[in-house]
């Protein structure tokens, strides 16, 4: 079995908690090469996960043993780093969102086309077991045509996460977050709906606003903390979507797909992550995932899928084009 | 205790299953007087529930012992019958929808104003125990300000109901149903949201369509079988609503209200009809209703409320003005 | 839609509770014609279910409007009645067991071949929703090859059933029951295993005995009340089977199929009649059947399937040949 | 309280995880003396659990302070080590199976008789709380006579256990495992049935085969991975047994005992490890064991029972004679 | 099987709903002979349950075919009717309370002694399955000595029962009820504790009062609606008891017995009517009774037990002496 | 935010497990100063929790930076230490029981009055979430007047706790424990009832005894291990209470409050710590607390409440006067 080396640009949390450990666990990955503007951060990860560091991105580009690169740089740099990596002949896994504007995103896609290398974007909702199972059921078409859908993604807000737990979080800043809850949570569900329905949201009506969150000075935040949408797809399906940072109870990560012969309910019940209700009263409950504890953290599956696409020379499961399509829906929502 | 006589115009199913039995069970009602264009139908109900029949609506209007009238005539006649009844000094309980057009509805409201009598419309969602409890919790303001909401009303479609179970049902006909699922199910939830939030839907974006239902000839129906909406209220709350005749599994009659300190979930769980989740993790579950069986059919509460408003000389719980407001939202949805 | 007439030979309990009501409910059946040696019993059913009576089996055979006949005569007469009905050009639904000996059973099969008419035997386990779903899953082959199985059928004994509740029951008599619990319960599961596995039990080792039941005089019964078997199929699958009239607790009607990728558990849990456990820990639970009450008695599906085979000119789901194969396994068990 | 020294022959996994920690926890055990052909392994355990090491078995035999010996040597050496230990005046706890042949097993029994010392075999199923409770209920005879039984022991196979997780496991090798799943899992349940029923399996019919497992080269394994049996005991009870390495879902460790007045179900439900169903509908559920986690690993009870038999000068709960009887049933199954 | 005739004095509700149907269902009872001061009431029951009527109690006493008599007369007549019946050589089942005073009760006991006939009192709590099972467990002494206990009997009050549902109920009247909730509910639990503990309450401290109930005029009732007690038995056990007509939620009929090795909890959980918790953490749950519906009304067991005591010439399960003992405890509570 | 220093007298378990960690976690506490007669114990805690030690109580009294003192000395010293601390101008949190006699307790109260400082006693039952919620519901008076109550506090006994697990525990000694289970568990519930009912137990009848516990010599203990009480409050409510060290199953910490419109059940169900049952059948279940594990030990809330009373210059939630009132009830129980 041939193994490959990978490079990582940017050594923040997403690298530490997702990219580095999942690359390390992947049997096809030989060595991880870390780069960060701050060399200390790169060194820390190299110590924790093994591998080595470089002091410039060019070293990554010029190293012929490095086959693939994770672009975990901050959002405003993706169109520079991912583009260069691709043009230097590397496969790229770019963190979400693909870019801060449609124009820049298109530039990355052009680089991908030119290079012929794989470009994948980290939309990880597709990879959960329940979404995979829903996709499988829908592809088998046992429930008939899809008619309508509902999807939600909401929790108590990003300021309650992390070590700091402060309202000064970058999520609340216009210049860094750009799109508030729409870009933070909404884009995940837009991508998911495109994937599950094998369709594209063509038309969207939405309201959005900063209804409750305040910044560290007690002023309403500059980005939206809630979005509600009515949607129509190219194939004519209708649906609603709600994205929120103000669900002050349990998290809602649910999606429901209404078909001609039954209904698929995803993440409505903690034990049975997917439930199918049939027209004749049959109910089928899927227990797909163990309760996660600190001891059995599961992988997102994204890294494995990216590596698999390289090894098997296949198109990645989330392409740059798909990521662009989702970005455009977010733009429409916020316009 | 003084008791009153009531008249009923129209002796179809809604009279037989709701108005007549609930008037009969009400301790303030003395006699029911039935009218129908087809005298046989009136007689049949008089035999079943006691009371007497008349052969013209004028007899109802001219009978000074009759204090209140239920207008259960077909929708296109409401603006005639309810108007005349009011102008003849009767309190009126009008079936939903108040009328087939805004203009006609306004005419009924004018009659009400002129007469000074009570006009109530049969929007029965307000009266269920879970919605009453939600209203009580929201009025106490223990959860803080309302921020967003979701509401749904959907089932397998009206053709699966009733004795006939035929796709030739009037619900599917443009000329009789006018507004399809929007008027059948949607108006109930619009009224409910107005009531629970003590607010009004000011702006609405929607998609609607006939996605699946076909008529007796296999042609797509002329009215919508699905509606999806994004909404904004006068007070700035945002929400989504879905109304559907194509939920081919269990019925969805749920509503969720997101507040600053917690979430109210209504009709999400069959045993606990109302669940409150608090920001700090507390969960409060309300078992408000017994499972209904044939032996313990519960009253809708609408008739009792109407009679109570007359006895106590109060404004009815659902006024004509409120019904008109809901009608206008439906118009916007379908425009 | 062309409708047919059916005749029934024998008007005992199985006719009253299963054949007559299910023929009556079948949309393709026009008239039922009843025959019994005791004309009063035939008349009673004709009054209850509609239809008419005849006073000899020949009248059934000679009536050209009668297309199909249910042979509900006592077991020792099947080889006479079913044979004659077939040779007179009728489709035949024969009660189980097909016959009291292999030889007689083969005679019925010869008649079927000669006549070209359908011969179906009432092995109703195949028709339950859980067994149908198991068959569907196995045919799709999603669980890989079948390796082993377990099946059980046991309850507190036939003397606790019926109106009499007496140990003098014919089930306990050698001359009438022949094969005790093996023929009463065992043959159902033999047929089921053949059906689900698409295979045939080739070799069987068994013990049987009258371990507990006594007749009306307190003597051990002459037929077996328990059978335990180890089995091997033509395709090499191994399994165990237990048939018992001495399960003095809840009934056991369960079957488990062990495959290369998972396990199918049927009738192990009252709510989830079929449960699939996968190798990776996934569990899928199927709620297929409502709890049966007096008000929602379900059909066995056997009559409908028999009529469907006639209308569509197809081979019936349980053929005479299959019934003979199961009979032969019972013979081996008891030999 | 007088305390004793114990010796252990063989320092593999079974010593590390069961014998050493349970001896250490036993209040009557003073010192553990470890022997292994590889002195390093002995030393490692002496460090972990305290105690000392010797470099030859003779040192164990000749040490007068050592009263008892655990024979954890590999199976083909039991008849040598256990025999010598007994003849040198030590009580012996021999790992299962007692020996690789009936002849050798009988030799060990002869040594036990000659020495008058205790010989116990590690059949640990008897010691679980649910089996102990079942034994207690059966001895009280409140359910009447035992009539029939079912027992199963199956899981995904031994190759999925341990650190290696390889198909090269010794369990799959003819020369080391001898009897495949029959000796690995079957002998536990044979012993258990003998114990619970106070009876002996006299006659057994079985099928066995290597239906699914392959070795490290992809060839079918040489020992059986499945056994199915029909059984008859000396007292005339009938039963089935299934032993499997190919239950690709949850483990099955269940046993059911059918009596004249009710049924005992053991390990059918994770919370209620023993359930009694009575003829009149009563159900009694026993929650006997906590869910085991890494923090509350429970003892098997075997070591404590062995020590107790020595301290109290009683016959051990599992005698060599009983182990021999179970071995003979396995031989019959495989013949 | 010899069958007997029984007489019933008094044809009120307790006769109609309990005595008459249970005598009718008893296989040893041949004919029921009804007496009431109002002959119409007697006739009505004779028609409903079969049997005949008499017009004086003397006819019952003088009829040699009548072996046993139920005294269902009003409480103030028990000492007359039961005494005369006994002295005329009849076995007597007297409704509770045995009498309205200790003196009168003693008079009935004297008559019983003189006559040598059986006198049983209708304390039906002893006969429920859960109490029978508790008695069985305590007699086996598996939980060691009884140390303490708690018992409660409370519901929403007798005025919410029956057809009338009026506060004018005789339960609230001093002259008819005498002892309020103490005599209505308390005496049942006093008898039960005596029975379960095989002991006698020797000392009791109590508070009682009319805390909430009002009569038809809105005045506080003259008898107690609540009793709370601390108790000590002859054998030194300590316990509390609460009897209430003001438990405005679900009924509480629970009893807990604390022993040296565990706890018995009766009627704490609707499904598991008896739960045993052991010192070592074991929990044993008994499902003893089906949920009662209109279709499976269960017998109290009292009539059957009374008849059985006559047939077998045994002392009845609830003797007059025991009833007197319980009466004396009630006196102490109210003194 | 101004922060304060606190002193602790006595460095035993209650300081180590409750006072020190909760002071440390409180944002208003700057430094903890530890005193113990044994300076080593003080030093150990200062190392574990930060802070410093002193070698005499006077140093605490004379340190002007120390604003508050926890008196965790042994019971017989409270009237000395707490009194002196108060008279030296410190706020005092005194461990329960306030003192070993009414007289001494009154002396402490005098000191509090003289000093004008806060005196709080560690009755922690008031602070649990379920008791707080019950208080809130009762204060809102939604259930109407309180009529009766039941309360229990019992477990397997104090000898099963702690490291030693010995019957030589001081809890069993007359001279150290004084009041046995009454003072250990009973006083908690007396205080709780006073708090929840906003009332005072005026009259109490009780039995108590040493029914089961024995000391290290096998002799019955000198203090009571069980108390049963009937109680009456100043406002006329009636109730029972049971305190026990001999509940040999699960712990009982339950309280039930019966009101005119419903019932409040506290700690009857592990998931729903508070359940309200309403007269009309409504049931409201409160999940207030997570299951406690080693990782999410919750605070008692007592320290925070004490500090809060100081910061806000309010009366503490548990005053010395209230503690004295509860002590007096315990005296009556044992008299």
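Per-chain numbering from 1; labels A, B, C, D, E and F assigned in written order.
In the analysis below, contacts are C-beta pairs under 8 Å (C-beta built on N, C-alpha and C of every residue); 3 or more make two chains touch, one makes a residue touch a chain.
Just so it is clear, the structure is predicted and the values come from calculations on it, not from any experiment.
Separation of chain D from chain F in touch steps, taking the shortest path, is 2. Shared contacts of chain A and chain B, meaning chains that touch the two of them, come down to nothing at all. With steps allowed only between chains in touch, the distance from chain A over to chain E comes to 3. The two sequence copies chain D and chain E touch through a face in which the numbers common to both exceed half of the numbers used overall. Placing every chain at the mean of its C-alpha atoms, the farthest one from chain E is found to be A. Separation between the centroids of chain C and chain E, computed from CA atoms only, is 51 Å.
Chain C and chain D have Cα centroids separated by 43 Å.
Contact of a single residue of chain E with at least two other chains is seen at no position. If each chain is drawn as a node and touching chains are joined, the picture is one closed loop, every chain linked to exactly two others. Following the touch contacts around the ring from chain D toward chain E yields the chain order D, E, F, B, A, C. Residue ranges on chain B touching chain A, taken from their complex, read 145, 147-148, 150, 152, 154, 156, 203, 205-209, 211-212, 226-232, 236-242, 244, 246-250, 258-263, 277-279. Chain A makes touch with chain C in their complex at residues 129, 272, 281-288, 290.
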